[in-house]
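Following this line, the structures themselves.
In what follows, chain A forms one complex with chain B and a second complex with chain C.
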Partner chain A sequence: MPVSTNEQGEPIWRLRTSRAQWLGYLAWLAGISLFLLCWKLISDNTMWVFVEDAGRQGSDLISRMLPPQWSYAHRLWQPMWDTLNIATLGTLLGIAMAFPVAFLAARNTSPHPLVRSAALVVIVSSRSINSLIWAMLLVTILGPGVLAGIIAIALRSIGFVGKLLYEAIEEIHPTPVEAINATGASRMQVMSYAVLPQVMPAFAGISVYRWDINIRESTVLGLVGAGGIGLQLNAAINSLAWNQVSVIFLMIFVTVLASEWVSARVRRAII
Partner chain B sequence: MNAARERLAEQGEWRRLPLIGDARLRWLMVIGAVLYLVLALSTISVNWDRVAEGMSRGLNFLAAFTQPDFISRRGDIVNGLLESLTMTLTSTVIGVALAIPVGLGAARNISPLPVYLLCRGIITVSRTFQEVIIAILFVVMFGFGPLAGMITLAFATIGFMAKLLAEDIEDLDWRQVEAVRATGASWLQTMNHAVQPQVMPRLIGLSMYRLDINFRESAVIGIVGAGGIGATLNTSISRYEYDTSAAILLIIIGIVLLSEYSSSHVRRWTQ
Partner chain C sequence: MLEISNLVKRYGHDEAVLKGLDLTVEGNSVVAIVGASGAGKSTMLRCINRLVEPTSGSIKLNGNELVKLRGAALRRARRKIGMVFQGFNLIDRLTVMENVLAGRLGYVSLYQAISRRYPQADIERAFHLMERVGIAHYANKRADELSGGERQRVGVVRALMQEPEVLLADEPTASLDPRTSEQIMILLQSLASELELPVLINIHNVAQAKTYTERIVGLRHGKMIFDGAPADFNKEALDAIYGGIEAPDDEITEAPTRVGEGVSHDQA
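Now for the complex of A and B:
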């Protein structure tokens, strides 16, 4: 127990030993030094003249955004529909691909350790690369358009859905599996009657959650040419039409909030 | 309906329980899904000639992964990576520091209604907009460079961390708070001795997770001029230098893997 003695020789209880205390100070010192070093690197690469101007620029931006040009809104329905399609179809494609990958990656259903590590590599690389980067790549390959966006969203979703689903599969209760096994069921039958019913609620919940995230992501895919409302956003920003930008922002805000609400309701109904 | 199933089961015709209990709702959902798919797929226009043309480029890209080129753009890659890493670290530190008061304010059980609504508002705005959209605004305000990126990521971190922190505080063990309050502790002391110890492990775990997310995001906000490796990646893709882009993507995947591995260690150590 960390105890020190005072001048009268009486023991005094302390929270930490001197050693732990000093190690703590040292860790804080190292952390703060690292932070300051990083800050210096950033500050060297910054034009402070522009930063001093930021307040004026900000208020200027807001004054240009207001009032929003409401008449522009009717031209946004088609891109918004595209955005919703990108998110929904991308999620469907993504979960269709993630489903087998997750079963290959889960320790208790994977056929072979080598297959398992290959599936884990697929999941990690899909998770590490943002959908916008996938979209950039796919736009140069497939050409600009909604298709590139759908595939970008799908590729990004594999990792997310796959990871959460394989963790759910690893946490299933083993007794139903044993029971189905004892009836002489084949491997696929065990999957379909013992594993699948246990992970189905988790799977549905994860998919809806990812759909909600994908709506948010698909709003920016247009910035690199992959369709949806991002195309309009890019055009409005490039032509400095900030009163149109504010209409787009409001539209995105409402859509994302609505999708979040829907997904929360569905998830509560499932679980 | 259940009785009918049981009668059939007694005759040896067992059928598994449907995922959705109500047959009418089930069919309605199937019809709705088919209708949506037909509508959505009919509005997607794909230029198949362009896709066929791009396929060779896609193969080139895949081939580049077998021989990534780390050397010829080494300077750009190192600079971009350093910027990304510094941005990640500073933005996470600043974001978490700012998220703590917002999170405290957004927990219904310890804050008054006006503060609660204000903090929930901040969280909603920060979570709704994708990082790239926020980055566009901050680049306009603060000029090109990593400072705009850092502020963007810090802003996004506030929404993420504060929401999860508030949820964590809302279901903490209230008896400990009562016990500390009964000793006559002030508000600050209650926070420090009753609330903080209960949420600290999760807060550290989430901060590590957010560090990981911030790095991944820092790779894309460069596309709109907010510094980091994204600008280098964007340039290499649009110049069809796929061997360089493959190298950058491999580095990103490596760093994400590394941080995921170390954050799982930190989480095990704090819990």
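Now for the complex of A and C:
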């Protein structure tokens, strides 16, 4: 007979000890209380008259969007092209900067712990600020336009690409690196010969993935004046031209769909 | 000539893994280093090309002290030390030719390495050696498309591309099937005499060590407890090296025939 209880008749093994069980109950209690508290706060701060009205307002908005004003579309090609350029050039600029940063940030390729910390700070600051906020800052510095958009996208991409790439670098097989070191190769030769080939698929995948995200992000940069289709969107909303807004939405939708398809194809081809 | 004297290696604050080893290898001799798992075989080999930093002691290759070297001087010394690994340690995504040419990295510039513009002489040497070991027709294949035995041949050629003055092999046959591992041992043995190169082979398989090498060094707990000809490697020496330790399955396949002539100085 398998022995699963001790002399006192208590089970030798269970999923959770009774202490862990009590902690679990407490955590649930705390969670539910917090949820109810938040619920009350939100509802106290909501004007329920407006919310009750939401259905009618929504259907009204949709009726004003329809039918879309198709003749407006021809004025969107140029801004849409700008948007694609912001995304693509911004991504290229971003990955060009992220590439060295990732090598400095990865534990196994960083020349010094201090350099590594500095690189991590670059990555974290880039990641902690949204593209839209980067764009707002850059529009104030550079003035409105496509350039501010490109740089905003690039700055945000550094963190994203840098983080995923340095994680990929830390996950490479160390043994080929050791073998190349043993041939008497220099540090940079080891990077290019033993590390780079191992992270190339990840790097390409990450870059295309970020490009796909950047297409979406660059559609809204115009809201703060950083060029692209967002400018038109902002103008149309401000002038209450809802049937133009719907054309813009459709256009963005189709573009994002296309970019998603392209990036999925490219990533499948690489991996 | 490789001269190791009083080599000590301690990882962190643990007990020393190598406790004052002395070993001299001359000419083109093939030396097998046997010992149970954890005896310090890999550590010793890696101290020679400084993949592991020795704690103290001296290692001289043709009169050149290796232990204190740093930076460019260390890299120059390393290119004269070829190494073959148990796991082959090839770069899978690169071609066989690129892997082989990696053996020249210590001799070419970064630009030449990145653009793969190796000197014509290197490419000819590569083809010559690949033909010698029978992998020339794989030159443009990706390294991960090859079988284990073929991959180890790539590893051997990469090491020989360095024009080494000594060849280190850390369990070069442990990942291979018995037949293939015999072939690799024969290859190492004949290359040693063709290229007049001393070869140090860490090996688990005592039968192979006795067949393909001309000198056996036995390690136990970081100390050398046997150093002699294969013929002198008897049951007693075997027990001294593996005694009290579960023996690997394949090591007593060839029973020792002569007893009592080995230089056995067991200190365990």
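Assorted remarks:
To be clear about the criterion, the second predicted complex is superposed on the first by the 248 of 271 C-alpha atoms of A that agree within 3 Å, B and C clash if a C-alpha of one lies under 4 Å from a C-alpha of the other, contacts with A are read in each partner's own complex, and residues count from 1 in each chain.
Definition applied: a contact is a pair of C-beta atoms (placed from the backbone, for glycine too) under 8 Å apart; a residue touches a chain by one contact, two chains touch by 3 or more.
Bear in mind the structure is a predicted one, so any value in this text is a computation, not a measurement.
Of the two partner chains placed by the overlay, only chain C lies in contact with A:Met188; chain B stays clear of it. Set side by side, chain B and chain C differ in how many residues of chain A they touch, and the one touching more is B. Of the two partner chains placed by superposition, only chain B is touched by A:Leu223; chain C is not.
Of the two partner chains placed around the shared chain by superposition, chain C is the only one that A:Ala179 touches, whereas chain B remains out of contact. When both complexes are overlaid on chain A, the residue A:Thr17 reaches neither chain B nor chain C.
Contacts of A:Ile133 after superposition: chain B is touched, whereas chain C is not reached.
When the two complexes are overlaid on their common chain A, residue A:Gln198 makes contact with chain C while staying clear of chain B. Shared contact residues on chain A (touching chain B in one structure, chain C in the other): 193, 197, 200.
By the touch rule above, chain C contacts chain A in their complex via residues 49, 51, 75-81, 83, 85, 87, 89-94, 102-106, 110, 113-114, 155, 158, 162. The part of chain A that touches chain C in the complex is made up of residues 175-176, 178-186, 188-189, 192-194, 197-198, 200-201. Interface of chain A with chain B (complex): residues 34-35, 38-39, 41-43, 45-47, 50-51, 54, 57-58, 61, 81-82, 85, 88-89, 124-125, 127-130, 132-133, 136-137, 140-143, 145-147, 150, 193, 197, 200, 216-217, 219-220, 223-224, 233, 237, 249, 252-253, 256-257, 260.
Residues 16, 19, 36, 40-41, 43-47, 50-51, 53-55, 57-58, 61, 82-83, 85-87, 89-90, 93, 124-125, 128-130, 132-133, 136-137, 140-147, 150, 216-217, 219-220, 223-224, 227, 230, 233-234, 237-238, 240, 245, 249, 252-253, 256-257, 260 of chain B touch chain A in their complex.
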